[in-house]
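Shared chain: chain A. Partners: chain B in the first complex, chain C in the second.
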Partner chain A sequence: MKFHGTRVLLSALKYITIGVFILWVLIPVAWVVSLAFKPYAEWRVSYFVPKNFTWNNFIVLFKSEAFIGIMGATAIVEPVTKPLINSLVVTSLSTIMAVMIGFFTAYGASRYNTPGPFGLFFTLLTRMLPPATFVTPIMVYYSNLKLLDTHFSLIILYSAVTVTYGIWILKGFIDAIPIEWEEAAMLEGATPIKTLFKVVLPIARPGLVVAGLFIFLLTWTELLFALVLTNVYAVTLPVHISKYVGAVGQLYGPQAALALIGSVIPIAIGYAIQKHLVTGFTFGMVRG
Partner chain B sequence: MKIAKVRVVNVTKRFGDLVAVNNVSFEVYEGEIFTLLGPSGCGKTTTLRIISGLEKPDLGKVYIGDNDVTTLPPQLRNVCLVFQEYAVFPHMSVYDNIAFGLRVRKVPKEELSKKVRELAEVLELTDRLNTKAGRLGISEQQRIALARCIAVEPEVLLLDEPLTFADAKVREKMRRELKKIQRELGVTMIYVTHDQLEAMMLSDRIAVMNKGRLLQVGSPIEIYDNPQSLFVAHFIGSPTINTIEGVLVKERGRFLVKRGEVAIDVSEFMSSYHNVESLLGRNIVIGIRPEDVYLDVNGPIEGVVEVIEVSGERLAIHIRVFKELVLKALVPIHEIVSEGERVRLSFNLEKVHIFDKATEEKVVLSRVK
Partner chain C sequence: MPEKPPREIKYLATLPVNILLNAVLIIPFAIMIYLAFLKWSPAMGMNWWEAPITGLTNFARALGDARFITALSRTTIYTVSVVTIEFFLGLALAYIMLGDFVGKKAAIAITIYPLMLPPVVVATIFYLMFQSYGPVNNLFLRAIIGEDALRIYWFLKPDTAFITLLIADIWQWTPFMFLIMYSALSAVPKRLVEAAEVLGASSFTIFWKVRLPLIKPLIIVALVLRGLEAFKMFDYAFIMTGGGPGTTTETVSMYIYRTAILYTDISYAAAMSLMILAMIIVVVRAFIWYFFEKGR
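On to the complex of A and B.
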């Protein structure tokens, strides 16, 4: 009986610990959700469920500054449409670039051992320095090249700093692909390029999806580079979110609403591609 | 007149310190099934990969037809290899797998479809054509790989242990199918296996390999009846060949093979050869296949029956002759013999092989006319 009692206690302890962790993670999320649906008057009160439920915080995001003034705070914030499109364009294109360049590099590294173990390690350099250390020189370069505040500059920079994840994630996947498949294709008369596109690329698809999702999330939430390198035309969502709370005002409601929109998009993408993710994690099953 | 389709000349391949293929030479004739046979790790796959071009030899040359292909990349050699593992493209349907090489060659759609369906019919894959190849069992995958290879009509078809993973029944059927298809197409086939029985049944000629070296090439019967080394003698045949090891001595005018308490009288055999005296005092191994050992009431050797097994249509009898020597005899199944019985044995003298213990090579004796 005593033994049984200890077991119950232990398992209770386990669930309490898990519960605390879940709360720890979920409370800020719940807070954002709650805030997004609260009217101005309730932004500073501590209850979760809004007394007067409203969509206004969302509607306001897509309108010009005049409407924001009505809510009692005076901030000049552009409608969210442009930053949202910017973010989608910049993040998608730079992710595709990082994944594709990563794939070819990883293939070379895996099959031909280029650029050598040191070279491969070297690609991590962009992630070892704190971004703040090189954002200023980059801003100066871009300024000289007249590339500041353009989509192009952000896409190039983002794909350059995330490509190393593409390389390392995909190298793991390609290493696990038996070389016999490529050899078989060559013996059927296929050129190396054809083999790469018809055999390796489709078999590595789960890896491309995993790497793509990971890089997408990183880029989607990136603030520092975008803050320094954009101003009006190429502003991204994280930069735009930061504009709702600052020296000019404290628009917690719209900010929460935008944060919610900003996180719904990657969640939706993740959900849409989860089928590929599952194959990605059970990749061993594909083999002989 | 036999035409050499593939010639491997003095090929050596090293992996670091390991000599995977050691100065190997052989010819494969047009339209035959040629088998590389040997234990695991003896260099069969490496030899096959060198012929296919997937591996470059460190030394030596490979010819296909009249062309030196030693430096030619695999896609230009017009050979096809069915791999032991990972034979099919897992992400493609069976149809797309078989069609792969044809599409690379830009074969018109209708011709392609006709050919794929024909091959699928022959290899019993018709009802699988739309299934993803990675979902199928290994034996089906091997058939798909075979169909894919045959589709491109290669000059030489290379198969690396394609039946390893099939169960016994399927293996037997596949072996027959393989031979039938090969005969119909007349394609030159190089087959790799470690299974001597499979090699014996399938091949026109066999090359036995061990530790990277090629030991002997010949028809199955030649290899079986006339092994040139102890290794080949041991590797081929089931139950395995009997061996009697010892020093050849002459006592009171009779030749004996002696080791410890073992002493076997081989005078009868030796008396039909000339240069026997030169063997005296040397360590030799006598090899005699179980079916060449007879139960014979007048035989010179005596022993006790220890174990009797039914082996196919015959009985395999294990007879203890000395404490350290057991001989196996294959006798007709109706032979009346029981365990524990004392029996006498004689050998078929025509079928006795003598090997040098040190070199493990066959000792060549010249026969008295």
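On to the complex of A and C.
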């Protein structure tokens, strides 16, 4: 039974590999979760389960406080409330805009080939090139238009850089809808606009949800544009996290708590569209 | 369906997207091309359209700028390393998880969650992990090399600081490779694999000669997308190392950001941006040509 032995060994090896990888993925997050509930005295210890469980790390995030930061410079840290609300507002509105515009464009591209293959491919560029190479002129342009540090500037910018995903994900969904249904509706005398809104839109709704959640995920996590374009008034959550982590230096507990606050929504959304993540990340080039 | 789109549909499908992209991206892009040939900074006290045109000065300056060249080569090394490691890890993992086993759904769900986290959060996580009293030192290295482990300051040495960035990237994006490779491998028709088995091919041969050639286009897509993303890297370095110590972990994105925002040298930043864009387009084009068009 030598053959049987190798088989057992191989399958054991398989479980061990998977187990090791799962640990590698879980340990950093487990550490941050435990840190977020540890009091000051336990931030430098090596065990994971806190001895004195506390919510204090979360509470301080919602207060405005002055910290002695790196190199003795004091940093006034704003409460997390405003960035959180800003992120919700900016992300939701830009997502809705990107999905709707993406839907119209995808419909035209799918049924009538309107922007042409080159135009569609061009939209991909906006997503592939580094944001850092765009951010300079956008800052100049927005400051000329007096749009710096406004929600509006972020909303239109985010919808412009994510509309690509809307177009490509939704094009896949619309391509799969049988064209006969629209033809039937038009034969009945429905106008093209009515057909679009009353026939195609309801059928494509799952696609709209997937595209919307995916774009929400991407926008929610964006740092660089928001960092450059906002200052005080329209600061988003990633900007707040990046400034906070730098400003408070070694306040590990609140930093960990802030990381948790920043990841609740994306994790929830990510699992909601788990099946479609591949489609999303590859612009619909790969079916999930 | 009629061949030509009805007028309403045509407007709806082209106008909003064109207005949006033109107003937000294409006009600024045109401004950038102009800016790159100027000498302008807001500190000069004039508007950019009044600034003097200096031709190719900014581009020449970039070619002689050691900090730019170093950042560029460092970002390239970073991109190549993380994409290679992530690809092989992801492919291996996808192959291992292809068959059925107990708890497969849960295993996949756990494997892919780093993908959903914001990069700023991942950066914060690894900033905390690599503190001198963080678990990497306090738990793992202490078990191996003893108390000395607590005196390792990961972010104070260029090499170790760079390694922390690599680890953060690999941690977050190996699941991306895994996910694409997994769905690609699952889509390989079963009958092809079975036919090869009947012909007596070993599982290694099947993988190498049947599965891999079939998923090659998807591998290219995954490598290109991941490579482009890795080259953008900003968030990890900004939060974990701040580009430091000194400027030893500064990426191209960070240097452009600092040139534009901290040093307010807008026209120079625009020139560097254009050079980076041109390079990326050339590299991606060459990649596509090499894998898809050569020999056809």
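Throughout what follows, the second predicted complex is superposed on the first by the 254 of 288 C-alpha atoms of A that agree within 3 Å, B and C clash if a C-alpha of one lies under 4 Å from a C-alpha of the other, contacts with A are read in each partner's own complex, and residues count from 1 in each chain.
The definition used in the following text is that contacts are C-beta pairs under 8 Å (C-beta built on N, C-alpha and C of every residue); 3 or more make two chains touch, one makes a residue touch a chain.
For clarity, every value in this text was computed on a predicted model and none was experimentally measured.
Q: Determine, for the superposed arrangement built on chain A, whether chain B and chain C clash or fit.
A: Once chain A is superposed (C-alpha atoms), there is room for both chain B and chain C without a clash.
Q: Answer with first, second, both or neither: which of chain B and chain C does A:I16 touch in the superposed model?
A: After superposing on A, A:I16 lies clear of both chain B and chain C.
Q: Figure out whether A:P115 sits in contact with chain B (first) or chain C (second), or with both, or with neither.
A: Only chain C is touched by A:P115; chain B is not.
Q: Touch check for A:A185: first (chain B), second (chain C), both, or neither?
A: A:A185 contacts chain B only, not chain C.
Q: Considering only touches as defined above, state whether A:I85 meets chain B (first), chain C (second), both or neither.
A: After superposing on A, A:I85 lies clear of both chain B and chain C.
Q: Under the stated touch criterion, which partner chain does A:A41 make contact with: chain B (first), chain C (second), both, or neither?
A: neither
Q: With both complexes overlaid on chain A, does A:I241 touch chain B (first), chain C (second), both or neither?
A: The answer is second: A:I241 touches chain C but not chain B.
Q: According to the stated criteria, A:Q250 is in contact with first (chain B), second (chain C), both, or neither; which is it?
A: In the superposed model, A:Q250 contacts chain C only, not chain B.
Q: More residues of chain A are touched by which chain, chain B or chain C?
A: C
Q: Nearest CA pair across chain B and chain C in the overlay: distance in Å?
A: Result, nearest C-alpha distance in the overlay: 5 Å.
Q: Intersection of chain A residues contacting chain B with those contacting chain C?
A: Common to the two interfaces on chain A: residues 183, 191, 286-288.
Q: Under the stated contact criterion, what part of chain A meets chain B in this complex?
A: 178, 180-181, 183-191, 194, 198-199, 202-203, 205, 286-288
Q: So in the complex, which bits of chain B are touching chain A?
A: 52, 54, 73-75, 79-81, 83, 85-87, 89-91, 100-101, 104-105, 134, 138, 141, 145, 148-149, 152
Q: Per the contact definition, I'd like the list of chain C residues that touch chain A in the complex.
A: Within the complex, chain C touches chain A at residues 1, 3-6, 8-10, 12-14, 16-17, 20-21, 23-25, 27-29, 31-32, 35, 47-48, 92-93, 96-97, 101, 107, 109-121, 123-129, 131, 133-135, 138-139, 142, 171, 175-176, 179-180, 183-184, 187, 218, 221-222, 225, 228, 231-232, 234-235, 238-239, 242, 252-254, 256-257, 260-261, 266, 269-270, 273-274, 276-277, 280, 284.
Q: Can you list the residues on chain A that touch chain C in the complex?
A: 11, 14-15, 17-18, 21-22, 24-29, 31-32, 35, 43-46, 97, 100-102, 104-105, 107-109, 111-112, 114-115, 123, 126, 128-141, 144, 156-157, 159-161, 163, 167, 179, 182-183, 191-193, 196, 217, 220-221, 223-224, 227-228, 238, 241-242, 245-246, 250, 252, 255-256, 258-259, 262-263, 266-267, 269-271, 274, 277-278, 281-282, 285-288
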